[in-house]
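Since the structure comes first, as structure tokens, the remarks are kept for the end.
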Amino acid sequence: MTTTEQPLLLLVLDLIGTFAFGLNGALTAVRAVRLDIVGVVTLGVITALGGGIIRDVLIGDVPPAAFRDWRYLALAIGGGLLAFALSQRLDRLELPINVLDAVGLSVFAVIGASKAVAFGLGVGPAIILGAVTGVGGGTIRDTLVRQVPSVLHSNLYAIPALTAAALTVLAVQVGIYGLPAALGAAAICFAIRMLGVILGLNAPRPPGVPEDR
Amino acid sequence: MTTTEQPLLLLVLDLIGTFAFGLNGALTAVRAVRLDIVGVVTLGVITALGGGIIRDVLIGDVPPAAFRDWRYLALAIGGGLLAFALSQRLDRLELPINVLDAVGLSVFAVIGASKAVAFGLGVGPAIILGAVTGVGGGTIRDTLVRQVPSVLHSNLYAIPALTAAALTVLAVQVGIYGLPAALGAAAICFAIRMLGVILGLNAPRPPGVPEDR
Amino acid sequence: MTTTEQPLLLLVLDLIGTFAFGLNGALTAVRAVRLDIVGVVTLGVITALGGGIIRDVLIGDVPPAAFRDWRYLALAIGGGLLAFALSQRLDRLELPINVLDAVGLSVFAVIGASKAVAFGLGVGPAIILGAVTGVGGGTIRDTLVRQVPSVLHSNLYAIPALTAAALTVLAVQVGIYGLPAALGAAAICFAIRMLGVILGLNAPRPPGVPEDR
């Protein structure tokens, strides 16, 4: 079992995404429940690393990559600590945080899907594991602080991740996966996600369910 | 690591159970919280595949079997989509859905226990993993939609699963495990579960705890 | 993959901690939600074994050690059954139960960290996995019964576990890990934890968050 090598640019984006997820995850947790510093940082780390850890456990790449490269853990903790220190002021930074979060979602989905393919998974599971890499950490966080995971109901979170993962797997299948394809898939995910944030878009709801239940 | 081979009849029942769990899991989720289509299908898939995935991770059979045979994923997604499409009318189908769900519980517990034994686990862990295969997916779903998992309190759900798993392990131990023993264990689980559904039976509660707390 | 050998005294403390976690975990569950006997015992077992199982899955030691030595499962179930039988009287035993629980926390953190190091993990991940061994089971239990995990907000629970894990990893690094070092690290964890229980101490909260939110 070896880590799949990623081009430098993807690695940098991956690290930025890890920091953004740690920051945003801890901030979301602070808003939802009363926590001490350990709780805030813990939830930041879980948000940043949880998705990749689930993916690595499911493909059999243990210990997870997040435990083998200290930079991921350091950036996740750093993001959580920053959220703790600045929790009162971060409201004003909502847009930049949302942008960084969308970067993380996009890069995680692409890297997660390409890693799943590299470990021999089929098309369907690879797409799912790509999306899980992107949304898994936030889902664990939401569950721990007793929120219904935002991926299940909020404006376009899972769909861009699934799209990026599907495009990645497609690119691998037709033999054109590389930095341009990865960045293209991530950019499409990023665009859909930001559109959802800005317009407040949602995926279709079951018929007959009232909007304001 | 190879998949344990199952007789054709068990495989068919396993696939039926996967579809029923996907359908029932998604339906339960729709009733509990407001979800979009991705959320509904996701919860159906988690219900259908979650128990087997936990078992496979714990016995070291990764990637999980549900990711190596596309039929499981397809049936789980199909069940979830059907629940989304018909969510208003499925109330009238409560009995058939409960029956299919009990089929899934029974078959999952038997197959889960026999697979755990095949991977070298002892009697106690194999029984537990059989039950986890049956109830694990629904437990994750309930936690994600903020319900106390029904396996912890509702009318006879864990007990039939544990019974089927125990009978399966016993049959392996005395050397009579095969299709008849598997179907027998599953039938007993099915009968106890349906009895619980029809009569509203519950397992004993702690002494002194008021019934209507 | 072999189990890391532990000195006899540590093994005994580990088994005592398993029983205490099973007892305390089941008792906490009984207080939080209405459960049947299967639910109570299940939550006791999850509390007792959950942390170690997460650690073993993440370091790749599967099936988890708790499934390979029947004494762990037996003691966890025994603790859960005792909690079920005595759930009305256990309130009077709060101090002894808290003491046993602190023993479990301390020993689990030390053993978890030393095992993670033995499986080749780095300093940061080994400390985290030590703490996860100590607090993971209770966190799963709290999530299943819809409580915010006490590790995230309550009086000094994660900090003593992290301290014990860090001291253990340090002792391994400087080559003095053995029974005395393990007991020393566990004793420090135990002392901090009991101080937190007795004085009701908490870790720092984010600035500006009202105390009684």
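Labels A, B and C are assigned to the chains in the order they are written; within every chain, residues are numbered from 1.
Just so it is clear, a contact is a pair of C-beta atoms (placed from the backbone, for glycine too) under 8 Å apart; a residue touches a chain by one contact, two chains touch by 3 or more.
Since we're looking at a predicted model, the values are computed, not measured.
Could you label the chain B-chain C interface same or different, taking same to mean over half of its residue numbers are used by both chains?
Here the answer is different, because the shared fraction of interface numbers falls below one half.
Since chain A and chain B share one sequence, what rotation angle in degrees maps the C-alpha trace of one onto the other, as a multiple of 5?
The rotation relating chain A to chain B comes to 120 degrees.
Distance-wise, how many Å sit between the C-alpha centres of chain B and chain C, to the nearest whole number?
One centre to the other, that is 29 Å.
Which positions in chain B are in touch with at least two other chains?
57, 143, 146, in rising order.
If we count contacts the way the header does, which residues on chain C are in touch with chain B in the complex?
Its residues touching chain B are 30, 33-40, 42-43, 53, 57, 62-64, 67-68, 70, 73-74, 84-85, 87-88, 143-146.
Quick one: which bits of chain C touch chain A in the complex? Just the residue numbers, please.
Residues 57-60, 119-122, 124-125, 128, 139, 143, 146, 148-149, 151-153, 158-159, 162, 202-209, 213 of chain C touch chain A in their complex.
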